[in-house]
Amino acid sequence: MNGTTILIAAVVFWLAAWYANTRLSAVKAESRVAATAINLLIPLLFGMALLALWEGITRGFDVPAVLLPPPSMIWERITNSVPTLWADFRQTYLKAVVAGYVLGCGAGFVVAILVDRSPFMKAGIMPVGNLVSALPIIGVAPIMVMWFGFDWPSKAAVVVIMTFFPMLVNTVAGLAAAGHMERDLMRTYASNYWQTLFKLRLPAAMPFIFNALKINSTLALIGAIVAEFFGTPVVGMGFRISAEVGRLNVDMVWAEIFVAALAGSLSYGLIALIERSVTFWHPSNRN
Amino acid sequence: MLKSRVLPVLTVVVAILALWYAAAVILNASFERDQAERAGTEITFSEILPKTMAQERPVLPAPHQVAVELWETTVNKKITSKRSLVYHGWITLSATLLGFVMGTALGILLAVGIVHSRVLDKSLMPWVITSQTIPILAIAPMIIVVLNAVGITGLVPKALISTYLSFFPVAVGMVKGLRSPEAMHLDLMKTYSASRSDVFWKLRWPSSVPFLFTSMKVAIAASLVGAIVGELPTGAVAGLGARLLAGSYYGQTVQIWSALFAAAIMAAVLVTLVGVAGNWFNRRMGVRPEAAR
Amino acid sequence: MLAPDKTMNTVIQAEKLNLTFQTNDGPVHALSNIDLAIEKGEFVSLIGPSGCGKTTLLRVIADLEKPTDGTITVNGMTPEEARLKRAYGYVFQAAALFPWRTIADNVALPLEVMGLDKAERDKRMSENLELVDLAGFEKKFPWQLSGGMQQRASIARALAVQPDMLLMDEPFGALDEIVRDHLNEQLLKLWAATKKTVVFVTHSIPEAVFLSTKIVVMSPRPGRIHDIIDCDLGDERSLDIRETPEFLKIAHRVREGLRAGHAYDD
């Protein structure tokens, strides 16, 4: 198939998909299953049409592969590089991201509980925590390399710092979420601090805590990958991206990005699923 | 009122500074001990103390060292000098601002489209939400190198990364905001036979202002991070990110910390400015302080 | 008002009770020189317009607020001691059920806090759900129940502690008339069977007269007691008594008391 044929086919597919989506969007589904199916189908169709258009334009106009490779080329690269991709994933995700995420979120949670007992500390730490959350924390990467070396611990350290503050701020906000009436109720039961914490305030805080966990899953991955741009041993997703970019092997870069995107969305999705089952009672999760 | 807000924050800041000084002494002490051993002399703690806070390449620079370096490279250097943090700061800032403005504009446009077109809503919105779970920043090096290869260098590629990063929070926030009017208010407009354009300008747009500013705070912080990361692939030429990278290559600890602080100060100032602007608009429009999250 | 005589059976005794709140707009005298004695087994209603201090008085009895002057004893102890000994069950204006717990777990909540073992918790839980006619709803979640049923569950929860006293803050205020009538009847049956002391805050004149043995009419600014009315319509009451002359006479006296204390210039 030459380039022009693919381009024409892609445009036709795009138009057909757009038309199909327009019709589908207007459908009033009869059952919840049908509605969910349609709501999944439409963006899927859109995504496929976009991929087709991408393939069509790059092949049809002979776009240089160093500028934008066609999806088929990227896919070929992915299937041919599984060992490399897996090694990079293991280094960046399984080591740096997971360790940093668990430590950072855990520390943020514990400090929030400690701070909870003192309104003075809370009033002091919250503004500072909110401010730090807005700063380009990724900049500490070179400092972490100096302290912890080139390997994954320094990247995990960056992830710890990046995930600590959103977790702290959200947990503190969540601990304040339980209503006054419910707190008075626990007082009438002569409930002590810990009983009230575990039976009322922590369950009520779960929506906030999971909000932070979701945000942090993205931040952790970004932190680990970008931290590797500042220097890393010869393996890792960030390393691979910056190295292959230097060699203008753009298709390999896209392959790594694909793996990163997959890891990111699956992590987020997993946490969202757990969130659903833990916060089943929250109005946003019921209809 | 002021006392109950300022005093705790002040206490925490002072505590952090104290811990920082203590950590600097502890971390830098072993270097001093090694130096003394090599020179064959003994060194006491009271001699170590001042030395740890004045090292050239400390493991952890003391707060005043960072402050002095900041002062030296901003006030005491000509703005055009390649060693001036003002010069580097401006390079990063210009990419940040350009990217932020473009990203916000695009985000608003997309949000308007999504809210008014069912097709766009159902086909695009899931992808916008999914994209928030993807580490988009990983694309930065590729964009820089690829655009450089076709001759687009300097400000524009970095601004494009910043655009990309600030576009998503604004799009998501504005969709929420444009959809935030109460059902009762929308019904009211219907009873006036208001056109879609009327409903947009008189109801949806004003309701979305708090959401816009909240998401712009996130967007401008993301935009700055994008600009900094965008400066890395070109081998550290100019900008705060470049200074960070150069400092790490040459082991210039104090330079790294001062660049980091310059970036942090810039972020804090930008976010505060957006926040103040947001508060001003909110107050003028009668918004309750915690209305937009 | 003359300080009421303390008898052997006095469970709540308030003397010259005062509570002043410091707010941004200046001090608010929520309670001013309250003198009140409540005997064991009485059903006492506190009625009055907004701001008369009826809820505040209930909260002081429950040790949810501290008075700024005067004395108050509950079961001969301070309110705090009484609270720590779990002398009462409190029912709020809303059901305040925890949405992540089933109805059964919600009713068992205070029993968990008290440290009772599972067998005892289950026993009390089913007994009290039975009492309020909610047997069979153990595994449901609060949002799956109607407003009236949620409130019944919260009453079952208050009863499960087996307190001698029930403190209820406008528990039926958010419900419609028919459900309210039904719950009033059930509450009265419960009271007649268990002879608990009940202090009941309400806005509704017919509700106060129907349920109570004693009605305390309060007035605002500052919050004080305007009138204490004995309401001896007998122990066996049905909803029909609301049309009898005795009922209407008492209701009239209550209404007069409310009018006297009410200012319309706000």
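First chain written, first letter: the chains are A, B and C, and each begins at residue 1.
One rule holds in what follows: a residue touches a chain if its C-beta (ideal position, glycine included) is under 8 Å from a C-beta of that chain, and two chains touch if they have at least 3 such contacts.
Everything numeric in this text was worked out from a predicted model, so none of it was measured.
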Inset, instruction - Give the identifier of the chain nearest to the protein's overall CA centre, each chain being represented by its own CA mean. - result: A
Legend entry - Chain whose mean Cα position lies farthest from subunit A: C
Legend entry - Whole-Å separation of chain centres (CA-atom averages), subunit A against subunit C: 50
Legend entry - Distance from the mean Cα position of subunit C to that of subunit B, given in whole angstrom: 54
Inset, instruction - Could you grab the centroid distance between subunit A and subunit B? Build each centroid from C-alpha atoms only and quote it in angstrom. - result: 19
Inset, instruction - Provide the residue numbers of subunit A that touch subunit C in the complex, in ascending order. - result: 179, 181-182, 184-191, 195, 199-200, 203, 279-282, 286
Inset, instruction - Would you mind writing out the residues of subunit B in touch with subunit A in their complex? - result: 4-5, 7-13, 16, 59, 118-119, 121-127, 130, 132-142, 144-146, 149-150, 217, 221, 224-225, 228-229, 232-233, 240-241, 244-245, 247-248, 251, 253, 256-257, 259-260, 263-264, 267-268, 271
Legend entry - For the subunit A and subunit B complex, residues of the former touching the latter: 18, 21-22, 24-26, 39, 42-43, 45-47, 66-68, 120-125, 127-128, 131, 134-136, 138-140, 142-143, 145-147, 217-218, 221-222, 225-226, 229-231, 237-238, 241-242, 245-246, 248, 250, 253-254, 256-257, 260-261, 264-265, 267-269
Legend entry - Of all residues in subunit C, those that touch subunit A in their complex: 62-64, 83-86, 88-90, 92-94, 96, 98-100, 109-110, 112-114, 141, 143, 161
